[in-house]
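Below: a set of structures, written as structure tokens.
One chain, subunit A, appears in both complexes that follow, with subunit B as partner in the first and subunit C in the second.
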Partner chain A sequence: MIPSKNHIGQSHRRKNALRHLAGRGRFVTDLALPRMVHAAFVRSPMAKGNIVELDVSEAAVASGVVRVFTAETLNHSCVPWTGTLDHFAGMQSGAQNMLASSEVLWVGHPVVMILAHSRAEAEDACELVMLDIEDEDAVVDGDAALVKGTPLAAEGINSNMCFQTLLETPDLDDAFARAAHVVEGKFTFGRHTAVTLEPRAIVADFDPSTGQLDVHHGTQTPYQFQDVYARHFGLSEGRVRVIAPDIGGSFGMKLHVYHEEMAAVAASLMLGRPVRFVADRLESFVSDIHARDHRVTARMALDAEGGILAMDVDDMTQIGAFSSYPRTSVAEGNQVIRLMGAPYQMPDYRGRLSVVFQNKVQTSQYRAVGHPIACAVTEALVDRAAELLDLDPFEIRRRNLLADDAYPHVSATGYQFEKLSHQASLDKLHQMMGYEALRAEQTALRKQGIYRGIGIAPFVEITNPGASFYGVGGARISAQDGAVIRLTPAGDVHCAISVTEQGQGTETIIAQIVADQLGVTPDQVKVTTGDTDNTPSGGATWACRGAGIGGETALRAGRKLQMQILTLAGEILQADQQHLALASGAVVDKTTGQERITLAEIGRIATYRPDTLPKGSDNSLTAAQHFAPTGYPFDFTNGIQASHVEVDIETGVTRLLKHWVVEDCGRIINPLLVDEQIRGGVVQGLGPAVFEECLYDDMGQMTNASLADYLVPMAGEMPDIEIAHIETPTLDTILGAKGVGEAGTAAAGAAAMNAVNDALRPLGARISQTPMTPLRILTALGHV
Partner chain B sequence: MKTDITLTVNGDAVREAVEPRTSLADLLRDNLQLTGTHLGCEMGACGACLVMLDGAPVHACLVLAVQASGHKVETIEGLNESGLIKDLQERFHDRNALQCGFCTNGMLMSAQALLSENPMPSRPEIREALSGNYCRCTGYESIVDAISATAKMRSGQTGEVS
Partner chain C sequence: MELLGSQNLAATPDQVWAALFDRDVLEQAIPGCESLEQTSDTSFVAVVKLKIGPVSARFKGEIELSDIDPGKSCTLSGKGSGGIAGFAKGAARVTLTPEGDYTVLDYTADVAVGGKLAALGNRLIKSTAKKLTGEFFANFTKALTGEEETPVT
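Our next item is the complex of A and B:
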């Protein structure tokens, strides 16, 4: 075996960052094609109603307008989509199509598409559309939606319950019966949304002369969309190319099927010219998927020593008028009830899930699907138990976290853990944050009327999912990835791979991994991603699979090419390939390290002088490899976070002072990039804990749908984040890497909520709702 | 009804006919293909469209193209080619102070404006100076580090990030 050349594990900088720093990004929003037209949509201004009149005649003749489409003229070109999966037994959703035909079902539901020579002209023409909607009572609240006699949120469903499930261990009731202590709580987690800085963007370009559809699409999953466009528009997959260039943020939001993107493709197919749709920020808020929106009732049973016996959880989550496609809107709630209590030795559990339709924007998968909810509920209850038993938050967790030698372990909810490091993480965090000193400071400051709080939250994160995640449910979502690596005639290396780049550093780590297999430097490895015509098919980016699955794919492809190069070198050199290795851009003697022939020379001979090779030699210097995880269904990671806050009890304003993370993502390929994934993830967890919420009134109107009104975390409000690592590689792969992109988001909000409640504790106040706005804190304090 | 405007963009004399409602951002991106200036909110909240107008950062989405007539505009492309912010760009690269890259243009503009007014800003001052720059990817700390390191290097101290 060739020893590692040690680029894996190094903090290599991202070469593709240089383009962005020079203003040379290549985003879909930057693309202008010849004869391109711009799309704008007339949207429903109300949450529910019937279209009684629609007149587009004036818009159709407005300046610059090329074509106006309504449901009648557009929807026939697309097979409707339904967001259900077979493995979520009994789930239901109405079918969706591009434009509303008779009913509008949320504020923002697209009704008319106008194509014009400029976006401004298309928007002007939208003003000329006569749309009369007869208002109906909207289903706004999830609990009310389930009351008998409430109208249905959409057509094609027999109740407002999208999906229900129950997980239960046999001894659950007994566990609560013999418990020495029971703590309980009711929690509300607000709706929020991704707010990627580059909005959703697409340029669909159909060429009728060849039947070729090219779609330039700001998505993290190009192959999924290649399949969607082919099937829903009746095209052969080979004639559909999806190109995802630079993407201005994604975070799960850009892998769902949206009405507007489908409409852009449909319009390009009909017009035979490029159609561009870029959501403006106002329409992003009423059309990008929203996230979370849960009400959770939970209790926890403990023995006299504070040992956790069981949890009993009921989660009601509200998802909009349809389940999203093709991944559904059920995965979030499903993970909420399965991740409860996951870090702990908790033998018994009951989890109930109700996924409910209403007339709002659809919710679906967003970074750390379900994790922040399960973590916040579990850790709030653990803190309540610690308070009841007068135990330090570290001590109660020390007593309950899974022991580091207790693996493999199956959780009460059925998750299989290969090996985690909770106890070591807990110890490391305690030391890193200077816990005792912070507590002493907290006590001293309280005497001065300053209320600081410390909150901790251990977590597990689901990464590297296999086909059990979507594939078994019938979704055409790839659980495998593919790579093609070639040695060029000049001896450079090119890797085309199916995992994609959104700035997290995918291309950089793939270059590091490939470089180590071929004895070159990462600089010598060019990586191509995000183009279905030029890379093999695969799952791309979701559920933290780029490093673990994509990285393993690249490693195995690299080793295959390594063998091909060594075989050819052995034939050229008439040497036993067992005695050869690759290093420093050359084939070397394995024992002495002495150079025998450079890669450039091998490339030259194989390409330009194959006639000089021994008879029967194979001059192929390209290797293809696909890889799908076959071991554990997921590679779980673990870690723990801590938050330090100060609550101004006069104003209710929370200041985030500092944040700490100890994280174990297995083998670390690039420490710089791993840390920045964690930091970005933490801030995406803190945002919804403190600021972010999609606010709706009781008519179903979103009342803060602009970037001036919806609060995103900004630099001045975010803390510095200190990070430490433990490395427990998975043995399922050669590489040993797990995912890391969602770890920060998973537990940051839980730690912050525990910290705020720690600050409020001496005042007898407690908050159980996010975001923890000043008003809600003042309400908890009884000041308003 | 289009209006003729003349302005200097990245040192080049530019003459264009624009509609009165055309924003400076749209002029730069659509007419001049200077796509390094990004649009994130079109209401002056996110900072992705910051450019230098006569040396001071402005939101190109809030300035009309006709208002820029007779003035000097510098975009990220111009600043990049001038070499003026090479050190800042290098510290951003070292520190991985960008992920998707969509906010980066605006971050560099704010950082350059801050450092020209306050050569040795504290970390809270840097965070304050970025109060109009939204980044969804990094969590900001690496950006603060990169700007802080640039300030130290420009003032002759080491660029070590503490």
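Our next item is the complex of A and C:
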């Protein structure tokens, strides 16, 4: 018998990789529609100010220009959006619309939209716009923003505090009072941004003759945008179709509502012709969401043996002039204060969060929302405690990590862990990295003036969120997903599913899962994603939910179709369906494996000869299934990372020598793709730890907003990344898969910072700010 | 960003001083000047077309002269808005010192830029600002004396 089961758990190459390699990718950026016009935007050069003069008359008659829109002529067509959610009690944000009407609130704020026959002509016309802004003092620094008398960063808010919250266990103060040791630190985490290979892209195409709006949109979340466009432009949802084809990187950056995309839709609705906007690199830096931007003060209480008693954390995070829509800009900080100390048996905790407005680009959810901050702060303090108690970093963690048999467990911050594998992961890492040998080498090299460091960082990752994540706060963001699977008349399988593909291999793993339910090979399963007209509605791909929730949806839909096929086969064969199974593209005898009838034959009979079926037979060979998680609010995963670095103490340059990850994402569907996810995630964690930062001057100008100055991590700078796994499936689903996409990012920076500080330790220096640039390291060393 | 410079001009301090306040001379001197309108004894409004690196734009700016010590020194402050390109604002302290048949014009300018100009980084802006300043004084000298002069520094 040809093995057609158990594709789950096998490494399959991405189905779309060959197509991309052959240059056959189809991105929104590639799309050219008849009568399409191209958009370019005039943006505010000032962080804050009032528009005193705006003259577009010359631009309007420039060569190739079709239409020029200002706030006055465009904004009325759109219901403003406000990035607040009910479950973040007391949060505030001003309402936003497409173009700045009187006030500009960050450098890059769009003021004028110009549509022309080409992007070049639109850009040329932008230069003819006379925009005069009377500048005002911008709110640049988050701490200063909260000082009384500081101007407000935007209209529609009563202070620069967007959101504040406090988590506290009753015995927190007592824990610190009885502590044998307290370690503390102040940390700064810079802003960075996604820098996707393909920038943000949209082609909005409204057909006035049918009232149909088609939006080709490089986004992770087509259904969310279908809802947004329908509601904000007063269209019926059935008349809005969002198509997300190939997407050149997303990472959370492409699921937020942006002014330019909304303006492209508005303009298409008014002009009745396709409108294209593709961000260029310069405007991406000042309009794509930024991430992080935290200042954290934290202390940790320990008993005499190094047992962690409590953490007390204050996080101030700076988010720009508005909270982003529809997911808000407070989820990041909210996760920072809830993930602190998550891997440890830590009974007490206090976390304060202040989310602050300022006149910069909005920050919002980006890969591993909040995780890198919580992990870096926690692990830096654990390392400080180890140093104080003269314990090895592995030993202090061994004493504190949750025991593998201590589940279910509720963390001091209220997270419920079904089952994690911290201790097994720690042991596996220790062995895998050859820890003792590395320490011996470190000691030997120090005598030669070479400063190497080893840093480790256990982590917990939030995956498979249920409706408590957004839905309960009133956001129209789906926690469920849907799949429609059909057997074609020729016996092939087609699966339309709401989770989307951005290069991580969603379509490949869905094909593997479906194949196993229907006894076919993944090659025989065609998967359609990213089209609201052709797939059922669902949350799509974000927060590490594609494999766990989307995969479970596909599995259940597959089993439903399996039952339909077996029922029909039983009727055709006049056999008890209990004795039938699907394998090798056929219905087989369950006991002997002997073929009874092929899927192609079933498809043929059901489609072309339903007249031969017994009376009352259901010839449906299509199954639809939706699935929403109903067990734990999240499926937490865990793992541990280690970083090996060498710091040149003369130049301050850090070389990343090696990186290790042990990860437990539950059931592994495709080991190859899981490892790819972890590697990519690690790189996106190391980037902002060492290189990436959006730098602003004290006037609110971003001073490195181009790829000439913003440092993206390159392959040459990245270390080899060794990966191992432990599998602890969730029992909440049949599939047992949890998410993995953000695990690498969650702890890579924390491990690197601990490694750098390990290297600097004999010199009495310490760094608590990312990125760990040469200048900052030299400053820590007292050399500058 | 600070810009420092010095220029030898073949004219008396009084001639240079008068030229600094002369609309026609300034119009010829300012690189890319499309129009210059005198709005008071000490203020002007200018429209200037410039290309800075990959960014070309028309800047609409106001120039004001203050802290005037006639014949000796004054402060020129200005703010130029270049639409898509961004903006520049700054102030320059100009002093005139007679030296033989020449007048030495020293300037210390503090310039801030915003928008695309800032995003593209200091390296480009500084070299462009230097080039434009050089052009300004070359034009200024030409308008003043009808001669070409090379800057001292």
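The rule is short, and it goes like this: the second predicted complex is superposed on the first by the 780 of 784 C-alpha atoms of A that agree within 3 Å, B and C clash if a C-alpha of one lies under 4 Å from a C-alpha of the other, contacts with A are read in each partner's own complex, and residues count from 1 in each chain.
Throughout what follows, a contact is a pair of C-beta atoms (placed from the backbone, for glycine too) under 8 Å apart; a residue touches a chain by one contact, two chains touch by 3 or more.
Quantities reported herein were computed from a predicted structural model and do not represent experimental measurements.
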Superposition on subunit A - do subunit B and subunit C clash or fit: fit
Subunit B versus subunit C as contact partner of A:D30, first or second or both or neither: first
Partner chain(s) touched by A:T703 [first = subunit B, second = subunit C, both, neither]: second
Geometry of the superposed three-chain model: angle at subunit A (Cα centres of subunit B and subunit C, steps of 10 degrees): 70
Which superposed partner A:V195 touches (first subunit B, second subunit C, both, neither): first
Touched partner set for A:G248, first subunit B, second subunit C, both or neither: first
Subunit B versus subunit C as contact partner of A:V107, first or second or both or neither: second
Subunit B versus subunit C as contact partner of A:L131, first or second or both or neither: second
Partner chain(s) touched by A:A22 [first = subunit B, second = subunit C, both, neither]: first
First (subunit B), second (subunit C), both or neither touched by A:R43: second
Comparison of subunit B and subunit C by subunit A residues contacted: B
Gap in Å between nearest CA atoms once subunit C and subunit B share a frame through chain A: 10
Doubly contacted subunit A residues - partners subunit C and subunit B: 706, 708
Subunit C-facing residues of subunit A, complex: 42-47, 107, 123, 126-133, 282, 285-286, 697, 699, 701-706, 708-709
Touch list for subunit B against partner subunit A, complex: 19, 21, 29-30, 33-43, 45-46, 48, 75-77, 79-80, 89, 92-94, 96, 98-105, 108, 123-124, 126-128, 130-131, 133-144
Subunit A residues touching subunit B - in the complex, by the definition given at the top: 13-14, 17-25, 27, 29-30, 32, 120, 194-199, 246-251, 280-281, 502-505, 672-673, 676, 679-684, 706-708, 712, 714-716, 718, 720-721, 744
Parts of subunit C lying in touch with subunit A, wherever the complex brings them together: 56-58, 60, 81-87, 112-122
